[in-house]
Amino acid sequence: MKNRYLAIRQYSEKICAPLQKEDYVVQPVSDVSPPKWHLAHTTWFWEEFILSKYSPEYKRFHPRYSFLFNSYYDSVGERVLRLHRGNMSRPTVDEILAYRSYVDEHMTSFLSAASDTITPLVELGLHHEQQHQELLYTDIKYILGHNPLFPPYDENFKETSFIESDSTFAAIAGGIYTIGHHTSGFSFDNEHGVHAIQLPSFYIRKSLVTNEEYIAFINDGGYKNPLYWHSDGWAWVNEHKIDSPLYWYKHDGAWHRYALSGFEKVNPAEPVTHVSFYEAAAFAEWSGMRLPTEFEWEAACDAFQWRQRWEHTNSAYLPYPGYTKPPGAVGEYNGKFMINQMVLRGASVATPADHSRKTYRNFFHPQLRWQFNGIRLCKK
Amino acid sequence: MKNRYLAIRQYSEKICAPLQKEDYVVQPVSDVSPPKWHLAHTTWFWEEFILSKYSPEYKRFHPRYSFLFNSYYDSVGERVLRLHRGNMSRPTVDEILAYRSYVDEHMTSFLSAASDTITPLVELGLHHEQQHQELLYTDIKYILGHNPLFPPYDENFKETSFIESDSTFAAIAGGIYTIGHHTSGFSFDNEHGVHAIQLPSFYIRKSLVTNEEYIAFINDGGYKNPLYWHSDGWAWVNEHKIDSPLYWYKHDGAWHRYALSGFEKVNPAEPVTHVSFYEAAAFAEWSGMRLPTEFEWEAACDAFQWRQRWEHTNSAYLPYPGYTKPPGAVGEYNGKFMINQMVLRGASVATPADHSRKTYRNFFHPQLRWQFNGIRLCKK
Amino acid sequence: MKNRYLAIRQYSEKICAPLQKEDYVVQPVSDVSPPKWHLAHTTWFWEEFILSKYSPEYKRFHPRYSFLFNSYYDSVGERVLRLHRGNMSRPTVDEILAYRSYVDEHMTSFLSAASDTITPLVELGLHHEQQHQELLYTDIKYILGHNPLFPPYDENFKETSFIESDSTFAAIAGGIYTIGHHTSGFSFDNEHGVHAIQLPSFYIRKSLVTNEEYIAFINDGGYKNPLYWHSDGWAWVNEHKIDSPLYWYKHDGAWHRYALSGFEKVNPAEPVTHVSFYEAAAFAEWSGMRLPTEFEWEAACDAFQWRQRWEHTNSAYLPYPGYTKPPGAVGEYNGKFMINQMVLRGASVATPADHSRKTYRNFFHPQLRWQFNGIRLCKK
Amino acid sequence: MKNRYLAIRQYSEKICAPLQKEDYVVQPVSDVSPPKWHLAHTTWFWEEFILSKYSPEYKRFHPRYSFLFNSYYDSVGERVLRLHRGNMSRPTVDEILAYRSYVDEHMTSFLSAASDTITPLVELGLHHEQQHQELLYTDIKYILGHNPLFPPYDENFKETSFIESDSTFAAIAGGIYTIGHHTSGFSFDNEHGVHAIQLPSFYIRKSLVTNEEYIAFINDGGYKNPLYWHSDGWAWVNEHKIDSPLYWYKHDGAWHRYALSGFEKVNPAEPVTHVSFYEAAAFAEWSGMRLPTEFEWEAACDAFQWRQRWEHTNSAYLPYPGYTKPPGAVGEYNGKFMINQMVLRGASVATPADHSRKTYRNFFHPQLRWQFNGIRLCKK
């Protein structure tokens, strides 16, 4: 466990290695956090929920950090409002790296002697840090991709690991399916509450929607016709003058995009990404098909390859039967978000290798686009 | 059908009878429409979807009304933005009543000779008008209840038709339940797609949460403790400084409220009303219970009396399996709202008598409170 | 004085005679008040500052009206926020007219026996009512002119009483000029503090800028070139997408406008109106000239005819030397507005006949356009 | 001139020496710019207005910097919106320092051979850089003073250079005074247009209002009584819940403040600072006195010491008689700001030593507080 702890902790810092000090600080929109905030907040988790509770002699690194790096845990105390994170030039990156070293040192001692009863909380902390690793990638992309100079993050970063060649549909038989995490290994509380679901038969496409297909939707007036859109989606398109995926720019008559490897022409064969739920649903409507529910996705996911994009579903993020929040502040982890968000299934190129499973329920508000998400179509 | 048409049309005007001309005009918030707008918009439905399409010699009453009284039917043409409705002093109430007479006259001729193929569209128009009748009550309440003089609408109006005495829980057996409209009679497209649902056994309370119980929640700091609230709900409470249901005022140490019968002391025994989904969910969390899903509600509703309040459920408003939008502008009726809204089940004191059924799916954004809604608890 | 009182009071109601009940209620933007609010607020002035103070047996018409119809007199008590006035359907127009009758009856008795010491306050009340008469015209125009049906107010209303034929410049000699009200008759406190000003010689145009000249500015890209604009004005143009005066619409290739007499083609020979200070200043910059200061205007105004438009000046609304606020709530009348506003001089077609004088200082925020204002050019 | 150029350029970098890289990046509010933006923008001035125009072989350091570091010069080209400056992590501080070196190198060569005709533009550039040096101090203070850790900028920085002991009033005789820059040496165009002003006699206080006096205003309910405030000021106080100067915090019952030297108790004897025009005017009203006009200030300023605070005046920032903008982009320097702003006179502890004179006209919107401003009282 100690080795896994250290490996995961080091990976967070490795993600940030290509950054300049200045890149760690900014927060262009409220959903994007400064990279140094992620590095500090994940460290705060260990200090707050493990060291300060279970390690009697532990002295906190700094008396104000609990206030500064708390995120949504309202019951732990006041917190710095999310939209002010980007105004905090201090603590500096070096101070936060020192904070990380200090906590890592104490955690490694602690883990050497820790009893098994603490293991579930350590596991939660590790998965929490992995969730922020994915956010580090997407937040860094937002920061560099909104800079007028479009600096590459890493010229060798591949946002698409393979081109899908099979765009046929898999036929999924109707019947009773078991939904939820029912094997061994870690899972979040939102995956518990295993239950049976009756599904009619349906077809699901083996490949994700490509950039080429999405450009056809644009060219066919997809962003101009209210009949394809949800009412709230249509209001969003018009208020924000949306006419293409996030990071796309029309330049010399051709679509270009910012990728973590730099500014480049859109490759028609790659799966489209950085589209909101609203756009995914409108695209599906335009194509005469629909998005799968999260239950259909879970029932069907062995029939296709799925680790390139978080896949929009037409399911709201709601509790499974019998869901109850764990007691205390850790109980705020998932349940409080079960309103106004839609479920995405699968994993993306930015998801840490051992942080995905069929039953994983990711969730975002329907207008958000900065994750590596994508569109899988369903019919009948 | 002609008689039913006239009866329903006259009821819209009867609801408005106690109003002064000035009351017909104002729009205090975007979700509330001026009463004269409702009277005109329901009339526009008949002109737009029936007379102008199926009655060849019909001449529109006024060339601009189609533009003015369109609501959300984006595909029909431009429309007056919802938040500007309250700035339109013209057409006057008298002009709109003349518009109603004109259309009613043509509709009665038309219905005398109409073929059966038109019946479903007429039925839709009648149910559409009944939906706006409920909105007339709630919008009038909002307009008068936000006037510093608190003028009564009708001193004899009863917002609670009976006091519930049985607060025990009904036990509902687990099993397979059929969900959706599967009997004869009118229903909206969002109730179609009958499907089976597997439900675990659960308990549901026979009576709604009362004002007395809700005051206990307030007094116990319910609006002050983030642990009871969804994250978005907590942000809403704090941004809008919510501390009690809509229309409630603490006056001389006691809770008072505006009702359609006037300003009065809160009656502890009546079912609480005018609470948002956020408040309903927080109350349920505080009470150690939960809200039912819309499927549980439909499975259980024969076990209790349910026509006093629209009952919050923990289900998002999403399509049933196999849902497809009808073609054309009428297709915008329901499907485009299937995002960001929660389902309410049942009916309220403001619902027209023949406009309710077990499978009816009402829906609102989770922060809205101006409907006659209420809270039914569920457990295990 | 009693006759003058009644004449002025009746004129307020005469202005409203062409309105429908519904027109009295709406408030499309915060600067525009509903006509019934003007009728009530001017009545409140008499009740609050005269009857309730100097008429011992006077009983207020309604206990809540003091709260409802107070405007900016913060020291008198709480008040209904300006932007909620348009949500108040009650009291009705008829109730407000009854309020006016009641107060008029008591005022006429009171004035029959009033001592001379009260005369200045009565004078202030009469001029206050006349100020609201001008606002009644401009607010009614805003309400009807923003209605998609463009209903005329009065087809015989002339917004321009004469066409100016002499567009030459008057030469005004440099020298010492006396500024401020120094003759007999009523004046506001902001005109007091008579003082000498040294002015260089300058030229001022005898006629106002016409619609034809203003169209030349538009056609020359006046709204597109930042060099003509103040920085705040340029931001305002871009944020609100301003491209022509208020009430102007391009229709079939020609400029049209809403006037109190109805929708009509813009007459090139009339003086332009409904332009903000920002637009007036940009026009002057484009024409290679400038706006006069309020002192230049006062020194020069015998050289031209000036009762058609309030004329923008390049003077900020600030106190004259030695200005002090009268004690008490009446002291709030003028001084509290002496920031962020620019002075307009002259009078307009909507100004009551005996409510203008050379030294009158009108004032508005620089972005406002709904008054009958205009542009007079000055040079060297 | 070359030496002066280098001395001024180096001073900009010296001001930033105590900063961490992270401090250079953030922009907590739109009026505050990131320090690295100031370092780049001042450099851009030399490149844009001198090197690229008058040095034929000069090659720009980077093709995009003209776009990035333009500020308000709308006629030069598009520009990065002011409120996005703080989202730009690139170019980095090191890249901007390289840009400075590159431009300085070319400027020193250029200045060695420059003709006298260029001198006025170079002078303007030097004074422009000095203006940004003062902004560097105040923006750095805002950034560090809004960080929850309150890091000191420089523990030895003195915000008050001397305590004033003489709080009597100087009597200034009435008469004709000459206003505007009429001696040799540099001045901005807004000081030109020398003209005579007739002033009545008045009294002006020799010392600035102290913290002790300002606390008395607070304790007497100064922020609670609308009668002391302008209407717009009262709205500002209530909307932003203002109850003390910027950077003040009540801690353990005593007023503390953030200063560039760190968090400390408020010293009662020091002149109050960081108050808006609204607060200065309300304080003056409360004290039964008033603020001087800018003309009174200029006439009286030999009678007191005045280099500690920018002193609020009751004069709007408007052109002097005969003012005309210089042609071209440099013409945007001053004239476009002559609306909605009030004049401050004097200089502050943050003003570069040779960058002040009696006729200097500084100007800010009336709600702004982040400059080192102060209050001087006047009477009769």
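Here the chain labels run A, B, C and D in written order, and each chain numbers its own residues starting at 1.
The rule is short, and it goes like this: a residue touches a chain if its C-beta (ideal position, glycine included) is under 8 Å from a C-beta of that chain, and two chains touch if they have at least 3 such contacts.
Values in this document were obtained by computation on a predicted structure and should not be read as measured data.
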item: Those chains which touch chain C and also touch chain B; value: none
item: Contact distance in steps, from chain A to chain D; value: 1
item: Centre-of-Cα separation between chain B and chain A, whole angstrom; value: 36
item: Inter-centroid spacing, chain D versus chain B (mean Cα positions, whole Å); value: 56
item: Contacts with two or more other chains, residues of chain D listed in rising order; value: none
item: Interchain pairs in contact, sorted by label; value: A-B, A-D, B-C, C-D
item: Touching residues (chain side chain A, partner chain D) in the complex; value: 20-28, 36, 64, 67-68, 80, 84, 86-93, 143-144, 146-149, 151
item: Residues of chain D that touch chain C when the two form their complex; value: 72, 74-75, 176, 195-198, 200, 226-227, 229-234, 277-278, 281, 314-316, 318-319, 321-322, 331-332, 336-340, 342, 366
